[in-house]
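Each of the two complexes below includes chain A, the first together with chain B, the second together with chain C.
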Partner chain A sequence: MKISFPYMGTVIIYKKVLELLGHDVLVAPRPSQKTLDLGVKHSPEFACFPFKTIMGTYIEACEMGADTLITSGGHGPCRAGFYGEIHKRVLKALGHKFDFIVFDSYARDKEKFIRNIKKIKGNNSWLKVIKAIRFTYQMLKEIDRFDKWIAKNRAYEQITGSVNQAWDEIQKMFDLAHTKKELKEAIINSEKLISAIPLKEVQERNKVRIGIVGEIYVVMEASINMEIEKILGELGCEVERSHYLSDWVDHNMLPSFLKRSHEEEILKKGEPFIEIEIGGHAKQTVGHIVDFKERGFDGIIHLMPFGCLPELISQSVIPKMSAQYEIPVFTLSLDEQTGQANNKTRIEAFIDLIKNKKLSNHQFSA
Partner chain B sequence: MVKAYIGIDVGSVSTNVVAIDENANVLFNIYIRTNGQSIDSVKKGIESLKQQLDHRKYTISGVGTTGSGRQIAGVMVGADVVKNEITAHAVATTYFVPEVRTIFEIGGQDSKIIFIKDGMVVDFAMNTVCAAGTGSFLDHQSERLGISIEQFGDYALASKNDVRIAGRCTVFAESDMIAKQQYGFSKPDIINGLCQALVRNYINNLARGKKLEPPFVFQGGVAANSGIKAAFEKEIGHEVIIPSYFNVMGAIGTAILAKEEIQKTGKKTNFRGFHALQTDFVPSSFICQGCSNNCEVIKVKMNGQTVAMWGDRCGMWQEKVSQVVI
Partner chain C sequence: MKIGIPRALLYYYYFPFWKAFFEALDMEVVVSEETNKGILNKGIKESVSEICVPIKLYIGHAIQLLNKEIDYIFVPRMVSIQSGEYFCPKFMGLPDMLRHGVKGLEGKIITCQIKSDSDDISAPENYYPMAEVLGVTKEQIQVAASVAREQWIGFRMFNKSGFTAVEAMKMIQTNDSLEVLLNNQQSSKPVLRIGLIGYVYNIYDPFLNMNIIEKLRELNVDFITFDMLEEAQLQEKIKDMEKTLFWTFSNKLLGAGLRLFHEPTIDGIIHLTAFGCGPDSFMGKLFEFESDQTGVPFMSIRVDEHTGENHLQTRIEAFVDMLKRKKFIA
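Presenting the complex of A and B:
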């Protein structure tokens, strides 16, 4: 069995849990132009951008010899709920032979969830499965902690590229850790690595903080969101995303009695604007806007795949929120288009707007 | 010697060059059709600036670039400021019309709306999906109707009947226009209908129900078109101001920013000088084979030496030459 999965964010996590269970794991290449070309070619025209990218990734994985694909399902009325099924049909039509395992929320179909777990479990003992999941979960928490540090401090690096470089190395170190002891070492070494990066001293009131909200795939996967965190870092902004894998796992994979309250709280904050679950991450999007504002962020960038239904709804409540909370929000719709000049212009102008507002260091006068 | 500052706006359709003095009085301005040759147009613009600006009286103390070609123009001339066109436009407009609240800017390939409060940008929007409602589309239609774009406004104002044309998408607009033309409507009526459709689309697409507050300023190349101005005034029911330098506002804005930058930092300008433009300046591109992204990397050589590179997603090439600061 050669397992592969969609490429989203820090993929070493999915790789790790499968490896610990003794599977042969194939990590598909990071989405590239080729991935998009393949995905667009073999997807229905109206499907959203994440669907097409993931389609491309699956094709690449199958061509590289994967025979099992694992993915998470969508929930709620968002089209993503059908995506597993459509992906499967397209791949079958292309003549690929594979087993397709879709993990939906535990609450939605407990039996199927358990059945899927059993497939992954293979001949391993339950104890081993639990250990593997616990280990990976711990690792995930740690790596997300570093991820957050990176996005926050990229703006202040003294040597251009030093923070990005450290992040690459941290991921490599975590990738090589397979035991508790190795994980501990990776954490210690990563701490050492980042504390050695020379950073600029910036006064608290001169810091600009941007929250990124929106649909999970375009928020988390840098290769398809124009590496927005890097762009913002170069423009001198601290960045935090609304989605980290560990939050997603907490919210979707743990049975409700184990659930941490963070995501629930966020959802509650969004309720005055979007009352019911409309699928995708629309509720999270509005909730996070409130949350970021409460935590003193200066602006929000809202990422959505072009034509994403739930995010179109959140987009239309955003002007109201923006006025009520007095926080600038900028919506960026992403698609296969690679020309970035227009988007970069707008991001730059948006950051100018925030900086002018915050720092008032610029009077438009001659 | 009097200090002068140059602003260059390299847009899709036009390249504009201005020179201003310390008090932002416009000493020189030129509007050149880019015709797909941004380097040549910048050279042409700077060349005529050199001829017309009295170099015994003025010394160039700062240069700014903006527009979609701002990066390459910045490398060429040695810019002190390379700024996005939204900020540049806002800076210039608030200088000429300090109390402005809403700016309509329609250029060749894009259109923007900028909301200003207390002289600062508070919100903006830029067309994202379609070129409907930009200068290029009007250009194309005037060509199809066999009239020059300069006459477009006069035709629209001569209209006697209202003709409804769909404005959401150029494809629909064009087929609507053809249908109306086949019904026998006059050219002025069709052109006026098109102007109104364009404005309707602009307001729907960019303003998106946001409150539009006067004073309104309309600028960009399309502001030359009196038909569009009239359509704007009809749609919003308020007078629309067109500044005297409406078609070079971006360039003026970036010149003002360059001036401020130099004054703030006290640095000497990076301007390469007029003679530098005669030097061999060659952009080229190659497909990087480093990974499956196959990025098209743009390389700019000056006198055989690489001075700038961009276009790579990973930053591998950019790091190899000192990068232009955006």
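Presenting the complex of A and C:
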């Protein structure tokens, strides 16, 4: 059994949990032009962008010999929950033979969830499964911590590229860790690594903080959002995303009595603008905008796939939020069009506006 | 009190209910004018550019109602009319979008959440939250809801017996079904029978779809739409699916489509959809697979805010010609 999965964010996590359970794991290549071409060719024209990218990833994985595909399902009215059904049919029509395991949220279909877990479990004891999940979860928390540090400090590196290089190395170290001891070492070494990076001293009032909100796949997967975190870092901005994999796991995979309250809080903050959960991450998006503002961020970039149903609602209410909370928001809709100059220029202009605004505020107050 | 109802989206499915409901509460009901270029342009101006044209039209109709001295515009938040299923996120966020996204509408919107386990949305609990604003009691709402239910069931009965929703609405409103019947009589026996699959607001808005119904009738083609089928007929083909779509009306269309693909009296299927429609992007693909399997001709027509209609005329004629050739020559 050769297992593969969609490519989103720090993929070593999914790889890790499967490896620990003794599976043969095939990590599909990072989405490239070829991935997009394949995906677009075999997807419905108006399917959303993540659907097409994942379609391409699956085809690449199947061609490389994967015979089992694992993915998460969806809850509620956003299209993502139905991805699996269409992906399955298209891949079958293309003649690929494979087993498709879709994890829906535990609350939606308990039996299926347990059946799926059993498939992944294989001949391992439950104890081993729990250990593997706990280990990976710990690792996920740690890696997200480093991810946040990287996005925050990329702006202040003295040697161009040193932070990105450190991030690559950190991921490699974590990838090689398979026991608790190795994980501890990886954490210590990573700490050493980042503390050795020479950083510029920047005055607090000159720092620019940008929050990235929006649909989870385009926010998390750098290869299809033009590596927006790097772009912003190069422009001298601290960045924080609204989505980290550990938050997603906390909110979606854990049974409700174990849930942490962070995500619930965010949802509360979105309530005045979008009353109920309308699917996808629309309500989180508006909640995070309020949250980022309260934490002193200077601007928001709102990412969405072209035609995304829930994010169109958030896009509709954003102009009013932006005025009410006095925070600039820039919505960027992404699709398979890969020319980047246009979007980069717009991002640059947006950041310039924010910097100018900060600057003139200081001058007036001085 | 004057309540405005936009002539868009689920107007074509639930208007008889809402009209009777508000009238039973002694309110005056005002409907926006039939869709025209002006309404469309207003809608385009006030909405985000990527959103589908039915939503843009809804916004246009809502803005038009502002000129009619209404007290409130009724914008229900359609959440679910089938357990485990929802509406498209755009319906669920519709009041939010209008309130926060369109200038001049804040404070003019009256809304309530519609949750039900069937098409029948008459459970009075849905409407209690409006009682205070409307200045009525819960008892009055109960009575109004049951009066409205009668009306709506009558409307659906005409609709299901083969009349379009617009005709059925006329029949229930004027109590003069004979006239509609006479108007509807076709001069000669239809040569073809096709399935016309699409949401009510795409199929029954003649401006949006450039009057596709009239075009088909001119070509002497009979058609059947999803709302003319019984619920059980819609469920038949999809109840065994492992995972159906999440959206109730999409599921109805899917059920209708899959059924019609297997009905021997049907010569072809036309899927009428709007540019950027999310649920349809997936459903269309399922129809394509079905068409490949059954060999029944299938065409999808995508409408948006542009209004040149020649392409539509040409495509429909070509499709009908092809169906005729297939039927009579082969």
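Definition applied: the second predicted complex is superposed on the first by the 360 of 366 C-alpha atoms of A that agree within 3 Å, B and C clash if a C-alpha of one lies under 4 Å from a C-alpha of the other, contacts with A are read in each partner's own complex, and residues count from 1 in each chain.
Here is the rule we use: contacts are C-beta pairs under 8 Å (C-beta built on N, C-alpha and C of every residue); 3 or more make two chains touch, one makes a residue touch a chain.
Quick caveat: nothing in here was measured; it's all calculated off a predicted structure.
Chemist: A:Ser333 in the overlay: touching chain B, chain C, both, or neither? Say first, second, both or neither.
Modeler: It touches chain B and chain C both.
Chemist: Applying the document's definition of touch, where does A:Pro44 land relative to chain B and chain C: first, second, both, or neither?
Modeler: Second partner only, chain C.
Chemist: Mind working out whether A:Val317 is in touch with chain B, chain C, both or neither, as first, second, both or neither?
Modeler: Only chain C; A:Val317 stays clear of chain B.
Chemist: In the overlaid three-chain picture, which partner chain does A:Ala341 touch, first (chain B) or second (chain C), both, or neither?
Modeler: A:Ala341 contacts chain B only, not chain C.
Chemist: Mind working out whether A:Lys34 is in touch with chain B, chain C, both or neither, as first, second, both or neither?
Modeler: The first partner, chain B, only.
Chemist: May I ask you to decide whether A:Gly236 touches chain B, chain C, both, or neither, giving the answer as first, second, both or neither?
Modeler: neither
Chemist: May I ask you to name which of chain B and chain C touches more residues of chain A?
Modeler: C
Chemist: In the superposed arrangement, which partner chain does A:Ala282 touch: chain B (first), chain C (second), both, or neither?
Modeler: second
Chemist: Output check: A:Cys78 vs chain B and chain C. Expected answer is one of first, second, both, neither. What do you get?
Modeler: second
Chemist: Touching chain B in one complex and chain C in the other: list those residues of chain A.
Modeler: 319, 333
Chemist: Using the touch definition up top, name the residues of chain A that touch chain C in the complex.
Modeler: Interface residues on the chain A side: 44-48, 76-79, 81-82, 84-86, 89-90, 93, 273-276, 278-280, 282, 306-310, 312-313, 315-317, 319-321, 333.
Chemist: Mind pulling up the chain C residues that touch chain A in the complex?
Modeler: So the residues of chain C touching chain A come out as 47-48, 50-51, 77, 79, 86-90, 92-93, 95-97, 100-101, 113, 242-243, 245-247, 275-282, 284-286, 289.
Chemist: For chain B, which residues count as touching chain A in their complex?
Modeler: Residues in contact with chain A: 23-24, 68, 83-87, 90-91, 94-95, 98, 110, 119-124, 126, 128, 208-210, 256, 259-260, 291-295, 313, 315, 319, 326.
Chemist: Please output the residues of chain A touching chain B within their complex, sorted ascending.
Modeler: 29, 32-35, 160-161, 223, 227, 234, 319, 328, 333, 341-342, 344-346, 348-350, 352-353, 356-357, 360, 362-366
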